[in-house]
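Below, chain A partners chain B and then partners chain C, in two separate complexes.
Now for the complex of A and B:
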């Protein structure tokens, strides 16, 4: 009896945390999105919050903006993260290894900066009265600081994309690097014996092995950028807002708007889940076709 | 194997203790007077019960000078005089406090973590409607009875809602505009002049987008001036009546929009962002619901030394802000003692001093002793704070808080989307 139940018992603390905090919050959000909120004297169920949101053009504008910004950020971060980790790896295979620890730390630097601080850094650097603009003005590249291109708080979301790319690329490379470390030195040598140069080695051996981990890491980044609040709050525009900011705005408004705020939250969860399933389906075919990689 | 057992036992103990800790909660009351009887008890008994208690003050934490006033001026004195420990818990938005209490109410949590909170207007309205408050305690506080003019309409009503003693007046705030003397010679003193000013100075003005508190207040000023004065909003209006009056306001805001910062395509999301734009010179005006804030920001080096404030000729909004005790405060006696101290002449005069905070008192200067009044008159309010009589003669009342969210939504619909 004891040995059998042991693994369950061992995982109980983690499970309790996940069930209570994650699913509990999701459940609360769901019933509040259906209009059930006794503390504010509402105790009937209805889906009116959902129908109202799905009919409003505000929601759809926010949806397309959020989708576009998070897709672009994810792709940039994924490519950059991949290049970073492969560069580090090839450096350790071919070059002198003295500088490797330094470069690793250097690439991991954005890791220690919280998203909010990262977003604020973007504000300080890239606004028209920011450091870069002032530098360009003093050097004489631009005549007025208002000549500096508008990169933050503009409708395309450049600032948000910059912040996310800068923050998430190290995350992707952090996930990829342990996979790379499992590649034996001898494989590189063997590949060279068969006449492969470094580029062939990366293309034929390293990349296929990395695919599954790369794919998973990218999806995590997508799910995060699709639903995180602080970066678009600081770097977005007044209208249209990105979905998490839209949800927060109705959350901090009237109590009567609470179901709508929760409904937006639930929709964010659903959309990410659907995209996750699609990505998995699509990815599985693609991955098995090009040979199995490591996770 | 034996080792594993040790770990498992340890884990079970930790989990059990977490569960037990979550279940105990209410047992610590143990004192002489139950919470509900506190409102009937003698003040001396309340003070006795409060001794040794620790109270958590949840409040908006966005101002260094206010935070320092609480942490460095109030807390040590309160500890010394009443043996109550005051802990400040900073919040980004007062609404988060209300949301926390609502969640606790929903979960029937009878012992919360908040002993007192800094609120007014909409948040008071919500807490009143959802029964989030402890009770009518203001009438019990000796300092409130002695020094506060509890009958005066701007203290007895919070954004048009009678306070009924559920919250105690802590201070008064008034809206002022901030400008830089070195860049703007004659600041616009009405919405009409502001329109001309933004046309002549394109891109140099903007306001925070609602629901930011300050941005929302700016829009109410424009509303008063473009729709024919504030008096009409003191009557009770339903949503359609209110909305039918607002067309001139949206017209006005849309007329100035192309001349604003970034041609009005986006607005700063918070007052902090507007302040930053002002400090870096990207815009030439800022604003705020605190007449002394500009002085404080000059002193800490954020704003240029030439920053000054002004009020509109037609007046600016003013309101009273309050301290309240939530329904599930762990130490209501301590909270009452702390609030009583915050209403003492000593604490209020220090708060009036720009070295600490610089905002208006909630107590009535006429009720002070001669000695205290002299102290009050000796305080220099700093270069960027307007004299008290100028502020006092330019005060406009706030509207009912239920109108505020209608106007904020109208702004998104009529101005932000266009």
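Now for the complex of A and C:
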């Protein structure tokens, strides 16, 4: 056997499968978005689906809503995830070691809960008849069920943001925690010798070390929240819809709307691909420096 | 010293706060699953109820079938992912060759790029091939979003395995399969376990692509949960959610626990 071809042969099975079932699907989606859809009697190419979408106000409303929701969710999850990882890290320095694995798993719980289930937890907790509103009544903040604000299925997407923040913060901490574990006690001592207090230590050593992983994790969360379907489908409103829901609804509707549905899908793919490239750029340092990346 | 005490106090408060944020939804879920139409200001049920669970084990619900379908699809996806990922993860982490970065990018892209768009596009071909409405078709659709996690987990394992052990094995007369079985496999086993957990988790969690390809004929737990969660019986929805989350947690952590038990026995 030609020795140079060995790694290519080893990569071949996975590559073939992914190219056929993933990129093949994207390719079919692309040509359908260009109006090539023999099943509906269309066999010519045009970009009319794209021009129509980019001209419709519904699309732009959905776009800004999606962008806003995913940006806010990402920022909240990033901050909460950072705090979570630092708390876990400090716990591992001070707490008794027997309980550390337990607490680490407990904090990971939202990461394990599937998105649809996580969305339903938000329904149980944050609707007007939900658990928090009952709690607020007993604490004496509200007197009537209607005093509790509407947080789920309302046009700003608060419920969606809450669900994503709860779900993704542990994901971020899962990525940051191993990076923190690389910080040795001796570094803290050395920093003290040079006159740094704890705050300096965090600012000068801990944060720069975390940055690349933090950025990459946040980009992944942003791409995910921008393009995921389950949570906004359950917690959103009929108008304006978030982009993935808009794509699905026009896909499942009239066959004649298929090109537009696929065009929205392809636009989502393009946007997430750009985010992916940014994540890779920011994360390269972190991915190669440690060689272990995430998990 | 005062500074250290302040840090400690902040740490305790923040940890406690995070604990509440993580735990509160779970408590409301458990309460929801074991009660029956609790009137509004009540925080804690007057009496507990197993009605949702009685419904679940009754023949009218498909929950047994759904658990079986979910798990068998997830298991099949995971086995296929292991077979595909072992060679490519080996190549990507232990060999250097031209185009390696591009192969990595192609294989990792489904982490970022949503699979549902690809599934919408390929649906028409699946229809032509008779793969829609079948568990097999759903399983094929679950490969793309889960394979990258298996590859990543295995690459980490292969990264700490040089070629020296296999060379030694070869010199001692071990054949290819023997070298794989006795040298490579024990080393990458933790990676396989982590990758399998993630792969099962991703497969179990899919709602949209299962619905698109399964067409409502392939009943998995999320497919069963959705109508209850979107305005159906809240207690049954809570019970399903509990089963769903429990299944996912068991899939992710169960293998890990088994592996630890196996290591401890040795």
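The rule we apply is simple: the second predicted complex is superposed on the first by the 253 of 295 C-alpha atoms of A that agree within 3 Å, B and C clash if a C-alpha of one lies under 4 Å from a C-alpha of the other, contacts with A are read in each partner's own complex, and residues count from 1 in each chain.
The criterion applied here is as follows: a residue touches a chain if its C-beta (ideal position, glycine included) is under 8 Å from a C-beta of that chain, and two chains touch if they have at least 3 such contacts.
This structure is a prediction, so every number in the text was calculated from the model and none was measured.
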Fit or clash for chain B plus chain C once both are placed on chain A?
clash
Answer with first, second, both or neither: which of chain B and chain C does A:155 touch in the superposed model?
first
So, A:141: does it touch chain B (first), chain C (second), both, or neither?
neither
Identify the partner contact of A:15: answer first if only chain B is touched, second if only chain C is, both if each is, neither if none is.
second
Using the touch definition from the top, say if A:6 reaches chain B (first), chain C (second), both or neither.
both
Which one hits more chain A residues, chain B or chain C?
C
Mind working out whether A:190 is in touch with chain B, chain C, both or neither, as first, second, both or neither?
neither
In the overlaid three-chain picture, which partner chain does A:129 touch, first (chain B) or second (chain C), both, or neither?
both
Thinking of the overlay built on chain A, is A:47 touched by chain B (first), by chain C (second), by both, or by neither?
neither
Does chain B (first) or chain C (second) touch A:247, or do both, or does neither?
second
Is A:84 touching anything from chain B or chain C once the two structures are fitted on A? First, second, both or neither.
second
Can you tell which stretch of chain C collides with chain B among 127-135, 199-207 or 235-243?
127-135
Chain B/chain C common contact set on chain A
6, 9-10, 13, 39, 123, 129-130, 145, 233-234, 251
Residue ranges of chain B in contact with chain A within the complex:
4, 8, 11-12, 14-15, 93, 95-96, 99, 102-103, 105-106, 126, 129-130, 203, 209, 211, 262, 265-267, 269, 273, 276-277, 280-282, 405, 408-409, 412, 416-417
For the complex, give me every residue of chain C touching chain A.
3-4, 7-8, 11, 14-15, 18-19, 21-29, 31-32, 40-43, 83-85, 87-88, 90-92, 95, 97, 100, 103, 105-107, 109-122, 124-125, 140-141, 143-144, 147, 149, 151-153, 156, 159, 194, 198, 201, 204-205, 207-208, 222, 225-226, 229-230, 234, 237-238, 241, 244-245, 248-249, 252-253
Flag every residue of chain A that touches chain B in the complex, lowest number first.
6, 9-10, 12-13, 16, 37-41, 58, 123, 127-130, 145-146, 150, 153-155, 233-234, 236-239, 249, 251-255
So, in the complex, the side of chain A touching chain C is made of residues 4, 6-11, 13-15, 17-19, 21-30, 32, 39, 80, 83-84, 87, 90-91, 94, 105-107, 109-110, 112-125, 129-131, 133-135, 137-138, 145, 166, 170, 197-198, 220, 223-224, 227-230, 233-234, 244, 247-248, 251, 261-262, 265-266, 268-269, 272-273, 275-276, 279-280, 291-295
